[in-house]
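Letters A, B, C, D and E name the chains as they come in the text, with residue numbers starting at 1 for each one.
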């Protein structure tokens, strides 16, 4: 049947081989992109006409923020797939995702509040987007600690998957919080549909940085996934064979 | 009407508790599960009634995997665990009325008869909190009776019971089996019964 | 269904603390505030929405804690799970009972509190309505959290960590609605959102809760 | 005595929920408020004392609830009572442990919350001091209440009903002290009162608690 | 070193549970309390260890009313109730370390020896929550041993134990008594012991 390839892919050994192969390339690809994005963003792009140089934080902030959301989505999806079709690797992916996503969230919070100082005159405000991003962090923590809290990992995985799925509702809230509440935070500057409100000289580096961060995310995910698989399958034969040539 | 477990494996934490357990139980049969403490008897019962998913293997009821037919299967069994599973703040009668009532509509009259059969009528209207250990067991046994189901899964039904109550419980088991019921009973000692098969689990 | 409900109700009347505790907490939160700050009335009115909703959130978070724990510990939850009904059905009954016990009492008490926070009488109706929707939603969310954490070591902390984020949007909309109600603006917007949230959770929570229970019961 | 205390502490640290829950609760209470009301900074500062103290009161009331109940239910309280120590020792140890766990954590966390409620940094020291005294007093009061109500049906309601009246003056003085600290006035008055309350409870609570336990254990 | 109960009366709710119970127990003696479920055996034990004040009558330890000398008395006894009295979140070892440590300073090394004597070393570091019924009993028995006190009060120490553990527990009891200890044991069956006196309670 058509899903055969998927199941073969999802079998731990294949997944392991895949990520092992993929990881280095992703690292290699992310490095120059990030380098370009940050360099062009921080030095080449013209200063913003109202924000001056402060706006340059966007080249770290926006990618972090975007990834904090997409990481959660990926985690939830993987967990759900694993929960429904009993695909063990999905739990591994989810487990690998959580800490990365949490760190990106922290990144968004920190850079954001750093940016907030010059823009809004305060590091922190009880603004919907900021708060909901903070909540996203709590959600990550919740998922991680729930997974930890179980005596045997299998149950922890499944419980964490359920929670992740339930918590997904927070993602659109964060994304649209700017539209829904009159927020300090500025709205989408980059969308697929509307024509960008940014000059290309600012936009190109942003996109570069974004792509680079995505690559980096994928790369770290591969590394963590390797570790997860090794840890989970430590009793499995294929690992023993692999490790004892 | 047969209960069949094929090659059930369960891991708990680091421990491989059930290592390929299989058994088959037909109407009119009683399976006596024995084994040292911590061998996995309770675990097996929990697998057998579908509370616990085995990592490998499966349990079948009437040739159907119980994962598919969960509710139909579970409405055909009664499980008495180590702890009585009674609400301390409700009276014995209220407890029965609730937990049996979830399965079939039943009135106090009838419930009292079942309490009668386990010599527990005198404490029917006491809050379970004040009952003695053995009295709680009797109430739990009365619930199993009142469910009127073909399959019983009993985890040490004799613990805390005095001699009279033990004999009584044994009779109840015999009747159940003779009338075409099936039962899986975990008991370290005191199951003095004729027609039964043994399943031995080792630690 | 009605059986579980009636059992829950009887139980909670047997142990009025279950009945009264969330209410007590709600009252505490809401009364302590005026006490704690030497209150100028305008300020009071300004913070009323926050007080009311935080009170509601806290009290139902507290109440929901024991929602499955007690049953899990004395083994009655197992028995319910084995009663041949679908678990989602049991979760639903349990949650509704829980709401009838904690939520409704809270809703009925809210006007008193609102008055204490000198909210204009005109707003009471809307406040009660919004709280009714809100507490029901909270019960659903709490049910999921409770089901996920029952029988766990760090159960109670986890519960707060889990439920709080989920409840956040509710809190914002609810407080917003109350705010508008007090200042006499049009509340339809946030009310619709509250209603939507309530519907959303009502349809999904039973299954999420059942899935969670099946995992934690193992 | 210090031996029991250390054991109690170790025991409690083995159960992180005891450690973290009151703190989590405190954080939740104090974060939710600003979130729930669209906050103008001056208002925030005005309600800060109320938020902080209600948060403290609720969280330690919550924490104290389980102080003896859990032990009573799994029979470990009986074992402690039979350990050949005088019950008042046990109560004291338990309470001090409880305070060191819930109270101290709360005190240490309070500056963060105060900052979030944009309280001037200058007031932090005094706020922490007053909260330290306050939480200890609350722990003692709670201990009596918990001991009285453990095993009783109406446990937690009674607990609130017993503890709250006792806690009211504390709350008022405490909030008052915090208020003055924030607006930079002289706080010695309320602080002395807080200290007096703390001393008073510290001397009497152990015996009251022990007597209560002995009764309820039967 | 004698434990004496004279004419103890206890009412529970409407029920007159203990109607003038008296016994005397000296060093090196074992008192076997028997009686039907709900006869008041557990109640008697709780009176005997001072957890419950009898409405009439009194209990004496070394000719002293235990209400006067509560702490000295209670530091000389170990009581094992129906439920094991262990914290589910702590490991078996941690539980012992805490509850025994309240009486005398003791190190893990020594505790492991006591667990050894009840065949519970393998589960020493598992949280009690995951232990099986019998394993919990063993831990509870290990605590009684570890307390190193002259007077034991055991409520059905054999329930949930497998045959091996039962024999082991009986041996432990015999040793305790032979070495000059005293014990009150509630057991419906399985107390196969030589030197013992019986106290029969009727419902």
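Methods note: a residue touches a chain if its C-beta (ideal position, glycine included) is under 8 Å from a C-beta of that chain, and two chains touch if they have at least 3 such contacts.
Predicted model only: the values in this text are computed from it and were never measured.
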Shared interface partners, meaning chains that touch chain B and chain D = A, C, E
Top-ranked pair of chains - ranking by C-beta pairs in contact = C-D
Quick one: most central chain, C-alpha centroids?
-> C
Taking mean CA positions as centres, which chain lies farthest from chain C?
-> E
In terms of mean CA position, the chain most removed from chain A is E
CA centre of chain A versus CA centre of chain D: separation in Å?
-> 40
In whole angstrom, the CA-centroid distance of chain B from chain C equals 37
Taking each chain's centre as its mean C-alpha position, how far apart are chain A and chain C in Å?
-> 32
If you average the Cα atoms of chain B and of chain E to get two centres, how far apart are those centres in Å?
-> 29
Among chain A residues, those touching two or more other chains are 131, 151
Interface hub residues of chain E, defined as touching at least two other chains | 89, 127, 129-130
For chain D, what residues touch not just one other chain but two or more?
-> 15, 34-35, 38, 153
Residues of chain E that touch chain B when the two form their complex | 12-13, 35-38, 42, 82, 123, 126, 130-135, 137-138, 156, 159-166, 188-190
Using the touch definition up top, name the residues of chain B that touch chain A in the complex.
-> 11-13, 55
Of all residues in chain A, which touch chain C in the complex?
-> 83, 128, 131-132, 135-136, 138-139, 141-142, 145-146, 149-150, 155, 158-159, 162-163, 165-167, 169-170, 173, 181
Contacting residues of chain C [partner chain A, same complex] = 144, 148-149, 152-154, 158, 161-162, 164-166, 168-169, 172, 200, 204, 208, 211-212, 215-216, 218
Residues of chain C touching chain B in their complex?
-> 3-4, 7, 10-11, 14-15, 74-76, 78-86, 217-218
